[in-house]
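Shared between the two complexes below is chain A, which has chain B as its partner in the first and chain C in the second.
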Partner chain A sequence: MKFDSVIIGGGLSGLLCGLRLARAGRHCAIISSGQSALHFSSGSLDLLGALPDGSVVENPVEAVKALSEQAPEHPYSKIGVERFGALADEAAALLSEAGGKVEGTSLQNHYRLTPMGTFKPTWLTMDGYVRSDNRVLAWKHVALFNAEGFLDFYPQFIADELRKTGIECELHTFNMAALETVRRNPTEMRSSNIARIFDCDENLDELARIIKAEMGDCEAVLLPALLGIERTDGVARLAEKTGRPVAIVATLPPSVNGIRMQRALHHAFEQAGGTYFLGDTAVGCERQGDKITALYTVNHGNIPFVADDYVLATGSYFSRGLVAEHDCIKEPLFGLDVEAAAERSGWYDRNFFEKQAFEGFGIKTDKTLHGLCGGERIANLYVVGAGLAGFNPLAEGCGAGVSMLTALHAADCILNKQ
Partner chain B sequence: MMTEYSENNFEQCIKCTVCTVYCPVAAVNPLYPGPKQSGPDGARLRLKHPAFYDEALKYCLNCKRCEVACPSNVRIGDIIQAARIKYSKKKPGLREFTLANTDLVGSISTKVAPVVNATVGLKPVKAVMDAVLKIDHRRTFPKYSQGTFEGWFRKHAAEQAALPKQVAFFHGCYVNYNNPALGKDLVKVMNALGIGVQLLEKEKCCGVALISNGFIGQAKRQAKVNIASIRKAVKEQNLPVIATSSTCTFTLRDEYAHLLDIDNADVRDGIELATRYIYRLLQSGEAQFRFRKDAPKVRVAYHTACHMEKLGWAYYSIELLKMIPSVELTVLDSQCCGIAGTYGFKKENYATSQAIGESLFRKIEESGCDLVSTDCETCKWQIEMSTTKRVEHPLSILAAALE
Partner chain C sequence: MNKQFDVIIIGGGATGAGVARDCALRGIKALLLERLDIATGATGRNHGLLHSGARYAVTDRESAEECIRENMTLRRIASHCVEETDGLFITLPEDDLGFQSKFVDACRAAGIRADVIDPKEALRLEPSANPQLIGAVRVPDGSIDPFRLTAANIIDAKAHGAEVLTYHEVLELLREQDRIVGVRVIDRKSGEKAEYYAQIVVNAGGIWGHDIAKKAGVTINMLPAKGSLLIFGHRVNNIVLNRCRKPADADILVPGDTISLIGTTSSKVPFEEVDNMYVTADEVDLLLREGMKLAPSLEHTRILRAYAGVRPLVASDDDPSGRSVSRGIVVLDHAKRDGLEGFITITGGKLMTYRLMGEWTTDLICKKLNINAACVTATEKLPGSRDDERKVGRKLHAVPAMQRESSIYRHGDMAERVAAETSAERSLVCECEEVSAGEVGYAINALDVHNLVDLRRRTRVGMGTCQGELCACRAAGIMARKGKYCTRRAKADLTDFLNERWKGMSPVAWGDTLRESEFTKWIYEGVCGLTNKKEE
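On to the complex of A and B.
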């Protein structure tokens, strides 16, 4: 199978890279070993929340210079201080257009409400979610409605945290006949199963009636993010029918809105002419000199993927883009050079909540994100996303940003090469 | 890359619920707990005590879309099917026997095809089948052909054997009893590439319907016959084995080893879909097609069957269709049509089956296509019954476009 570019990994990073290339007229394939981490999305995407030294970032574009001084091997440092802001804006625009509406700016972080009721800085937030410019809710008095029996949402935590900031938060549960059908399997009262019933207008309108009857004089209504898998107008329709502002709060996975974004990006990639191979795993390659010449997968056996360029977007430990053995951390497909502490004791801090070194380990690259093997650059292999070395997504609040910006940066390197 | 499987495969499950998101049954039938609960979660309990087996596992249609979606390489569909085989107390009855024995029923029906075709189309007959056998009266039955593919082939075997390059064709029950024309199209296409077709020494039904209807002993016996024949072709005669049905291919390659404990590792790579074989041949530059100049334009919508999705091979059929100058191709989003072999014929599954396929049927009608194409025979029945469109195998479309 001959393509211009083959991308291994079909999550946020792989899809944005593929989308950029396909829209530029390149014949692209994405190979994805199962569904991606977008299915666990919080509804927000972070760009830069803190510097490696721990100082809080308000304006990522302003802060990236200090970042590049503190961490010259950070993926953002490789992209370059000059290119960072523009690339962030391009990534946001592409995501909003192809993956579903997101709001936010690279010049000022805003805050998202976590499922635990706390606020965290972020860059882009999907349409409909609670967001704040100053770590305080925009309303003084809210009503939080939860589906009775829903297993992955803890309203009391949220109410307790909001009350600490002086917000009155009333808790309600709702029930309806359609929810009873989901409850036949009480262990399966998960966000995606419940969300499905709200794809039906009647059920959403019944929810609106319940809310209207119980909401009292609250200023706004909050709900877990499960207002329909297919539909995108759940929040707007509820707001219209109840006559109050409505906002959603992230649930524990699966993330209904993340699923929708994955599907939208997948669809956009195929619309742009790309081919998405879902449920296949890349297992081997052929290399001649400094180039990869063929890639083999489980499903396609003796028919390899052949391309001018390959992009590795297989993610980190969870998706096995990185594999931690007892005594080493490796990149299993190409055997690329990995940045990691040699001694296992240097991988982690015994205090779980401290910054963990293993989070910063990953695949080494040059400035143009080429993978390295034994210190030698592989000329047609680019590495993007969570598998990269040099950043700590949790401590620095930059996971999605690194995935998106490196994806576009690698795509530009490929496009500018010829 | 996660390709290894732990001894207890269900332990690889991290409870992310992604499988259930993509389960076509869980989306429409609340009686089914979904693949996570039925598969890895249930496996943990069943290991503790067989009484934890839930008969609701019968609602699984074995599409394997859960496995395609799983980020942790859990063989969810296999776990569910294996649990049904091991624990189900429900014994298969006359209905299951009739639906599962596609070759027995087929060999009888083809002898009296006009009678069978007319009879099963009659309302009173449908009513009796519905009442007695619980085969839904709203279902349209596949037509049986007059005479089998094997019968036709025997008359042409000598001329096929005369061609210098050879392949062995696993035709399956559908080509043999329902649609010999597809088998003839396959022969025409292969001949156009300079390749002769022969049949396996012995071919039995692949057994997919036996497995799903609980006739495991018989399925194993048939599988052994097939693998012995395939082994002879692949190992002794050095013949590639090709098939037109995505489900037969998937069953021979994967279900035999995963569900029936039949070791096929030495020949698995020798079994492939004809479209994949042809694609590789064309890519190598060893052969090419000559297309008719006067072929009428036809708008085709390609539907990816579930087992095709699991194989990951829709690409080859799609690329072949794209090569045909007279075809204008649309690729439909991959989704289950709801029929799943014999599943949709059962009265208790009819509503689920049609609800699963509903959005696909709508998209087909909206696509403005003249014709739907798919590599699966039961998808064909379902789509032809549920839409206004005719459905053809990619090879039949290809055959019609050749000089």
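On to the complex of A and C.
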């Protein structure tokens, strides 16, 4: 099978890269083994929340210069201070148009409301989620509703935090016949299963009636993010039917809205002419000199994927883009050079919530994100997303941003070659 | 609460719980004090091996005889804590096959059934065993759940009038002339202090008994010996695997519940470290290397976590150098030994002999209190083990099959009390271990749960392959909803729980264990925004 570009990994990074290439007229394939980090999204995407030294970032574009001084090997440093702002805006525009509406700017972080009731800085927030520019809610009196028996959302956490800021909160649970069906199997009370019942107008309207009957004189209604997995108008429709502003808050995984975004990007990629191989896993390659010449997958056996360029977007440990063995950390597909501490004792901090060294390990690249093998650059292999070395997605609040910006950067490098 | 008791027992491990139950069954009014949760010391940090005694047969006949007697007793009185798996002592090419006959003779002399079986037969019985084995002996080993055992003793002690205070730490032993008359304690949750009085105070503090004795002004020469173990992500073997040679490091692989355990290492540690034991990379490597000799598939089996306990080894009184260590049961009557009335120390021994230790201690208490009552703990079954499990299963026909089985496995005939009645209560909190919202609710209401780690011990929430990925947050929510604590403390508890898990996972965090840790961090630190920064 011959393509212009083959992308391994169909998460946020792989999809955005593929979308950019396909829309530029390249014949692209994405090989995806299944789920991605979008499946446990918070509903927001971070660009840069803190520098490696711990100082808080308000304006990512302004802060990236300091970042590149502190961390010259950071993926953003490789993209370059000059290119960073423009690339971030292009990524946001592309995502909003192809993956579903998001709001935010690279010039000023805003805040999302976490399931623990705290505010966390972020870059882009999906439509319908609670967001704030100043860590304060726009309302003084809210009603929080949860589905009865749904354990992956605990509104008391949120209510207690909001009350500290002087907001009046009331807690309600809702129940309906359709929920009873979900509850029949003890493992089914998960966000995506509940969301499915709200794809049906009748159930969503019943929820609206329940809320309307119980919400009293609150200014707004907050709900867990489970208002339909297919539909995008769940929040808007509830707001219309109840006559109050409605906003959603992230649940424990799976993330209904993240899944929806993943599906939308997948669809947009195919609309642009790309081919998405779902449920397939790349397992081997052929290399001649400084070029990859063929790629093999589980499903296609000895039929190779052949392309001018390859993009590795397989993520970090969880998605097996990186594999930790008891004495080393590897990139399993191409055997690329990996940045990691040699001794296992250097991988961890004893405090779970401290920066963990293993989070910063990853695949080494040059400035144009080419993968390296034995220190030698592979001319037609680019590495994007969470598998890259040199950044800490949680401590620096930059996971989604690195995935999106490196995806576009690599796509541009490929397109500019010709 | 009444402040006067016949006996105060310090220490909520298996030994303390055994003493409390024995006292309660003989009509002695007992108070048990534990500074943390029950079974948090060495009791909860060992193999969970129901020793047949075979391991000691060659080197320590007395211990071997005690073990086999208690082994048979525990199968009867604590059937819901015991799995009758049997054990194999295998000889590998690197071992001396000549040891086998000596071993078998010693077992039989101690009253332990020991059947030499053909290596092929051994592999058929236990396919995970090293196929290179050249000899095998089958003995009546088994596995025992130490927490369940301790909890059942506590439940029965309370049912017979004993009082139990967890999270109560003894600050001071109250002394009048040459007699201990009580204790001064602090409630570690509220910070309140109180004094309790009794005619006899029993020191059952395990390695911490060293300091308790010191508070009474007497010296016991104890040696903390650290033993590290690894827990594997699934049940590799169904029969306990041992090496047929003199006892050494990492030569026992025990199946228990849904997992298997390899242990232990053995090293002396300073007293300062006993409250905070970390397993080192070297210990992990040694355990894995030796474990693979017993069952080669361990090389590719996921390790869930590593942990370490501290054995309270006691130096013989007549050897001040501390070199001559007794592994047997040590009952010290401090009136005789030190001229201090009203104070007894029970130590040494092992999980297997907890009941016997309780019996000896209570015999001594009875003698001192002039009470004439016989010990019945060898015949009176523990709660959870009194009813036929099949009968319990039939009563719970409405509960989904997997949940029913897990629940009966964990709670025995007490599963009925746990059973979820409504669909909302049947909703699973922990998918790995099939723990329902109803079972969590029961544990919170009835089993002295104060935090998520307590809850884990009682229900196995967070003990499966995901190690508390999502269930921790769900359980914290239920705890807060049930009014166990406010949301601020719920979050702090969640942080502590995840850190406690990480302590066990970090030494073995590669492969899937690292994948899981990365995911957990994304969820809690990323999505939920949880940090370990104390709230202002």
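Of note:
Heads up, the rule we're going with is that the second predicted complex is superposed on the first by the 417 of 418 C-alpha atoms of A that agree within 3 Å, B and C clash if a C-alpha of one lies under 4 Å from a C-alpha of the other, contacts with A are read in each partner's own complex, and residues count from 1 in each chain.
Heads up, the rule we're going with is that a contact is a pair of C-beta atoms (placed from the backbone, for glycine too) under 8 Å apart; a residue touches a chain by one contact, two chains touch by 3 or more.
Only a predicted model underlies this, so the values are computations on that prediction, with no experimental measurement involved.
Look at A:283: by the touch rule set out above, it reaches chain B but stays clear of chain C. In the superposition on chain A, A:316 contacts chain C only, with no contact to chain B. Once the two complexes are overlaid on the shared chain, A:273 sits clear of chain B and of chain C alike.
In the superposition on chain A, contact of A:253 is made with both chain B and chain C.
In the superposition on chain A, contact is made by A:40 with both chain B and chain C.
In the superposed model, A:116 lies in contact with chain C only, and not with chain B. Residue contacts after overlaying the shared chain place A:359 against chain C, while chain B stays out of touching range.
In the superposed model, A:298 lies in contact with chain B only, and not with chain C.
Of the two partner chains, chain B and chain C are each touched by A:184. Of the residues of chain A, those at positions 40, 184, 187, 253, 318, 320 touch chain B in one of the two structures and chain C in the other.
Those residues of chain A lying in contact with chain B across their complex are 1-2, 33-36, 39-40, 181-182, 184-185, 187-188, 190, 192-193, 196, 229, 253-254, 259, 267, 270, 275, 277-283, 297-303, 314, 318-320, 332-333. Chain A contributes residues 37, 40-42, 114-118, 120, 148-149, 151-152, 154, 156-157, 160-161, 180, 183-184, 186-187, 189, 250, 252-253, 255, 316-318, 320, 323-326, 343-345, 347-348, 350-354, 356, 358-359, 393-394, 399 to its touches with chain C in the complex.
Across the interface of their complex, chain A is touched by residues 278, 281, 285, 288, 400, 403, 423-424, 426-429, 431, 436-437, 470, 473-474, 476-478, 480-481, 486-488, 490-491, 495, 498-499, 501-503, 506, 509-511, 514-515, 517-519, 521-523, 525-532 of chain C. Contact residues of chain B toward chain A in the complex are 1-3, 16-18, 20-22, 26-27, 30-31, 33-34, 36-37, 41, 67-73, 269, 276, 279-280, 283, 309-313, 315, 331, 333-334.
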